[in-house]
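In structure tokens below, several structures.
Heads up, the next two complexes both have subunit A, just with different partners, subunit B and then subunit C.
== the complex of A and B ==
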């Protein structure tokens, strides 16, 4: 079978893909949000009159919601406009729409806002001058607390030869999709319709319904082409405002963020402080203690996704007989925490790998050999009591070590080589459904996700169907439907598209094969072949064109089969949980990276010279898209490692909401990496595939930090490894 | 308001600019006045390169260009088919290398590379061409496939 190309190449190369920012409707108004001037405060008054006096302007604030919403409003904990307490700077206090964008902006500026400022908590460490002890869980700033332990920790620490404790710090990072958030809403006849650039049309539908207090059935979400998501477009952001303005104006309304707002209002990974303590006896880790302070912005109390998921990554893919983890989600006056490709896992891997490197050096061991000895294998149990199952990290590490040795032998002075190990898991989401329609000439996959760029929908799902049905290449088409017509699916996130939806395709394919076998009167396996442009069902001893196997009712559409997939059950040993919710992994995907860097001994500037990735993948479903995920993940990880850092003032103003000051890697800063897939360690997806959207970003900062240390001796414990931080570690500053 | 004395030629066709305000940016003229949405709006501050078009064959950031500045000029965008030899060559190279994912930066990269090939010629060292693309940001591909596309664009026969 020859590899099929992405089916969106020609369209995108002719400028024909319509993204969220391109949406346009006749009679459409343009909208703008009215931002809070403070990060924390109380709303005294919002005066819309000066905006409303301008021609053609519609303006709304909290007072208008009861009149606009049939149920009077939605989730009181997540108000559309804060009626009282402002949670973060630029939080929308009102929204306006006007015939042009310039008029909408002028109208927004005309709204008179009166707020009483309150002290804002911006830097999470100022809430905890001392490291949090048991009283921290009662701090008014802590809104999530998770705690788990296992084994005899006290004994392990008492009898250890050596205990190493370190503190790491990580920075806030942005997703930076080149397309900012954008949508067009049109409310009419009780239908709340919105077209939007999203990773999850059904997620937006659920969110909008809950925020506005209207039935999900009244909300219709149509996905546009997505100009990059990276986790930032997984739930609603602008849609409720656009919908409310459309309802008020009785016209379609377009709302898009400008790029500065994309930085200021986007929800993403925020700063953290990580304390790691490791006890070693006879050259072996006997106990590990992990404490995490994670900035969760103005997230709601009780939502411990950030802490409860991340903390699993802070133990790394390593054996330890005893452990304790404790995580605190600290509420600050920033926008709520949101997912960023492999949320917080690259930061965790950076801390874990750098720390174990330090531990190994402290006990006189080779850092890589020390990690290799503790690495999980199939048959091991995770700290949370899950069976590891097939895990390709050790096999990947073996290859990575050979590459690292070769590179180190050839490296010029000033260069260093480092290895980073990370793991991830294929998320299965809240379940979903896919419909297959087999016609005499091809197969259509009918589903509810838009292609966000990775190729997982348009190419990945097609590749699964080709393999499941033995279909000739290029006979599979992926059809997208909006939420009114599509089978439910929970979204393109968590490296789940091929893993979860692919399983639904395999199930539906089995149903199709059974139908064909029955109609063919064949007991053996069925495959599909192509003859004279038509599909032919082929059994062990018979073959007939699909056309002749259709029932009368199927002659216009084709044979329809439906497949489903469900979330995998939680397999954590709850006996190890003291408090909070921890999240189970479905499978374990290892990523081992090798970086070669040059460190400037005068400025501390780091340049990545060479890069190699060894990726545990289960089985490669489509080589070109798989390789593209690894290449893209590495580049994004290099940003986290070296340059990307959101900086806030003490008043909660984002100081670098701009691509010039928030530096993502450019073409000249990313070497073309060597990518090697490690197959044979089966995961949760179809044919044993493992999700690939996120794993390749996880070990990048760890690999770069190890290489920087190898090159210069600088042990940097904060991300990113900016020239300034490296220079400080080298005592140049 | 005085009607504009001249217009633009966009992708080989005349485009009228009647009633256009003097401060309109070329990006907005293309996208919202002429409905040519292939040119992408990213940062609007000249940092991402997504809005790159050709003005008289030269790679230009349409977000930082006032339309009045380029009146009477020949504008080339990604939209639709094109007879432009460099543009065709670059498109084919991007397709062969699979050098896009979400595709939002793609129009800017394609036009920027077409402009570089016009300016420097195919014999220009590959490093020079790659250097010339540093003002175009891509968040999906890690640039690896784009680097392969640049090599293909130089090597492919005419």
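== the complex of A and C ==
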């Protein structure tokens, strides 16, 4: 990728980008949180006096909130500090600020905490030692229950030739951004300002206002450069504490997590158990039943979204005449569940794909051919009654099979080749707007999303505008503004940036063309051209420099056009949802991956030797950025597949809150993948593009598991596929 | 990271004087820092003073016949880059090559690794199998001690209060091999590591196993089972089975006890075969 293609690269390489962890203000205090020493318990007392006696220290706890917040706080369900019950270990019980970080940490350590420990539920399976029946919905540990069904399940199971039932388990995984959460807050003159490393400045504004019980208009969020998000920086985490401390101290306050705290406090994907039952008659699937027990940590009843969107992925992109799917959100004493790139979809795809392989083998069918026969096509409806629309998975699978056959034919002994299929549905969020400003020499896209590292904002949005207006790449600039000045935007998540904000840019571009056409007196289509360094508006029979088309008031500001995109989700058949809420997103994106692995048959160790991705994308908007998204998704997915696993003690202590024992892949474990884009299955984005941030991670664990089975016969039903688990599946232990 | 005073003595005498003059607790000694700095960063240790050995003339590598003397502050990368190390002590080269990453090996040192005595050290098992000696220098002069006596327990060594590791001596070139397994191949700690070496002068094997607390250990009975040369297959298998069966094993989050037993047998078998194949069937 060239520096010109990514305008942030030179700045970042030279150390000029100020990330959240670089933020510094004159007179700033450093903050530290006072963590709960237990995962579950009652607060008897918090004594701030020893901290407050230290020079320059400001300390706050629940008792100070009424004085700091005119309304006394906003969300009774989500108190800033737990008034009574502690829900997870390290939950902040108080916060302190001091002139240096070391002093802040010493002050935090000086706070005297008295808690009465209560029994903690850490492993969700201890709540359900036996696989639960429908009584699970009444368990006090279940805070969300989503249930959908369709078709005559009982008849299908009764008349089936073969019923296969299996149970899969998945582990907790962290997002692992290079930069931990960090922010600097300053409260003055009734304005609550915070500069923060976030995927969603507007999301943080909404969240902070709701948590503190103050009007959104009084909150200003500025996005710092973001050193990676991967879903972990989508809503507020530290900002309320920094703001409250700043208000108490009447000075700017910086609060940043160190890496251990990032692991311990970050909201992320938690463990699950998935049971899948499939009925086959005459070689075809006639019914499927899937039940999910999902650890949602200390998420609150009614605030657990994970169960509602996870069940959308539990059936995979496959047709079934009859189905039943149930998700149970199990509350445990861990931090609340949070999104991780394509939240929980890779785990679902692992279970679905591995299970359908097993079903195919059980009825003597080729696993890939069997899946291909059931795959969604345009014109199908999903199990939830959504229209599938153009879906490139079958076309991608055809290419993937050819690659897999070629690799298998050349594979040395001990190697195996596997195919994984996954899908994603773009989440366009609450929508967004952009403002285009055309000057005589270039175009500026003014908007409120911070580039989080993928290039989707700085390069992706620019590429959309270049294409929409026919502009050369070096004439488009993407400008970020904070929430006080930018048009509203939901943020970088759900693979929505190019898809949704790109649509807003296309709309604004059309408005800009209309303005230019009118001023040019041209009835036909307008494009922009470059002559002698100046932009020229070109109509069918006339051309004039943009400079000459500016109204007097536009001479300094340029011609402004706005565009918005507020998508409706792809409607579901409500009649199929029996209980709870199913979160439906928009279009469907297919991803088919091929992995070649070597399995050590004496130790179970797996090494990924080759990798290929066939990615349904609709239209490639910017090839280098798209390629990087796929490569990054694969690298992250290989971590979920093979090495990443959060481990908690029975007391709820995270046992591996560091990069030594929480192992993301190094480049040595990630082969350079062959990436093929499958175009032509149009999505809802600009020019038929589909979002690409999340789809490429989805099928990775499934592809690796299939390859491991092909190589060694090991059928591993738990993620990650550590050498020890493979060794057990090979009966070496 | 808590603040500390960094001392950079120019001579060995100055370094020892710094250690002697310090009040209790003893200052931390910095010889690369790839392990020490993590502990300081995480607050596991908070030394008021850190004595850096970087200016001492100990970045040396000398072959005297088949014996190798390595100064304690020579980078692992320099050792790895020496063709004679790879040729005469292949197991040591493999062990060094297994440590962290290239960038880390540019900073890390043999003396630092020994002095820190991490339970999962990748170097200690091989140094044990090579009968390496540690050369210590202190107020009372120089003394030598076998690695087996020097490394006492997890993070505990036989270093005296004002002593420093001056160097490490390996008495002879030995056909040798180092085999390890980790959850992730790079930048990780071994679940099990096995070092095997054959002494041509003594006509005997040495076998050590590491990757578990409290410290890497020699397995003399296993070595005896292998006999005075290339073992036949039954002897090799029986020695591996004994190692797998008899070693005291700790289970932790890196591996279960039964998986570690499995790995010891498998990796030892591979190490012994590597030594005998390299020696064309005769170590």
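In this section, the second predicted complex is superposed on the first by the 726 of 733 C-alpha atoms of A that agree within 3 Å, B and C clash if a C-alpha of one lies under 4 Å from a C-alpha of the other, contacts with A are read in each partner's own complex, and residues count from 1 in each chain.
Keep in mind that, in the parts below, a contact is a pair of C-beta atoms (placed from the backbone, for glycine too) under 8 Å apart; a residue touches a chain by one contact, two chains touch by 3 or more.
This is a predicted model, so every value here is computed, not measured.
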| item | value |
| --- | --- |
| Subunit A residues touched - subunit C or subunit B, whichever exceeds | B |
| Partner chain(s) touched by A:724 [first = subunit B, second = subunit C, both, neither] | second |
| Touching partner for A:733 - first (subunit B), second (subunit C), both, neither | second |
| First (subunit B), second (subunit C), both or neither touched by A:655 | second |
| First (subunit B), second (subunit C), both or neither touched by A:26 | neither |
| Partner chain(s) touched by A:178 [first = subunit B, second = subunit C, both, neither] | first |
| Which of subunit B and subunit C A:643 touches, first, second, both or neither | second |
| First (subunit B), second (subunit C), both or neither touched by A:666 | both |
| First (subunit B), second (subunit C), both or neither touched by A:13 | first |
| On subunit A, the residue positions that both subunit B and subunit C contact, one per complex | 658, 660, 665-666, 668 |
| Complex interface listing, subunit B residues touching subunit A | 31-32, 35-45, 47-48, 50, 77-81, 91, 94-95, 98, 100-107, 110, 130-131, 133-148 |
| Contact set on subunit A toward subunit B in their complex | 5-6, 8-10, 12-19, 21-22, 24, 176-180, 225-230, 258-259, 452-455, 624, 628, 631-636, 658-660, 664-668, 670, 672-673 |
| Residues on subunit A engaged by subunit C in the complex (per definition of touch) | 102, 260, 602-603, 605, 607, 643, 647, 655-656, 658, 660-661, 663, 665-666, 668-669, 722-724, 727, 732-733 |
| Contacting residues of subunit C [partner subunit A, same complex] | 2-3, 42, 101, 181, 183-189, 253-256, 258-259, 262-263, 266-267 |
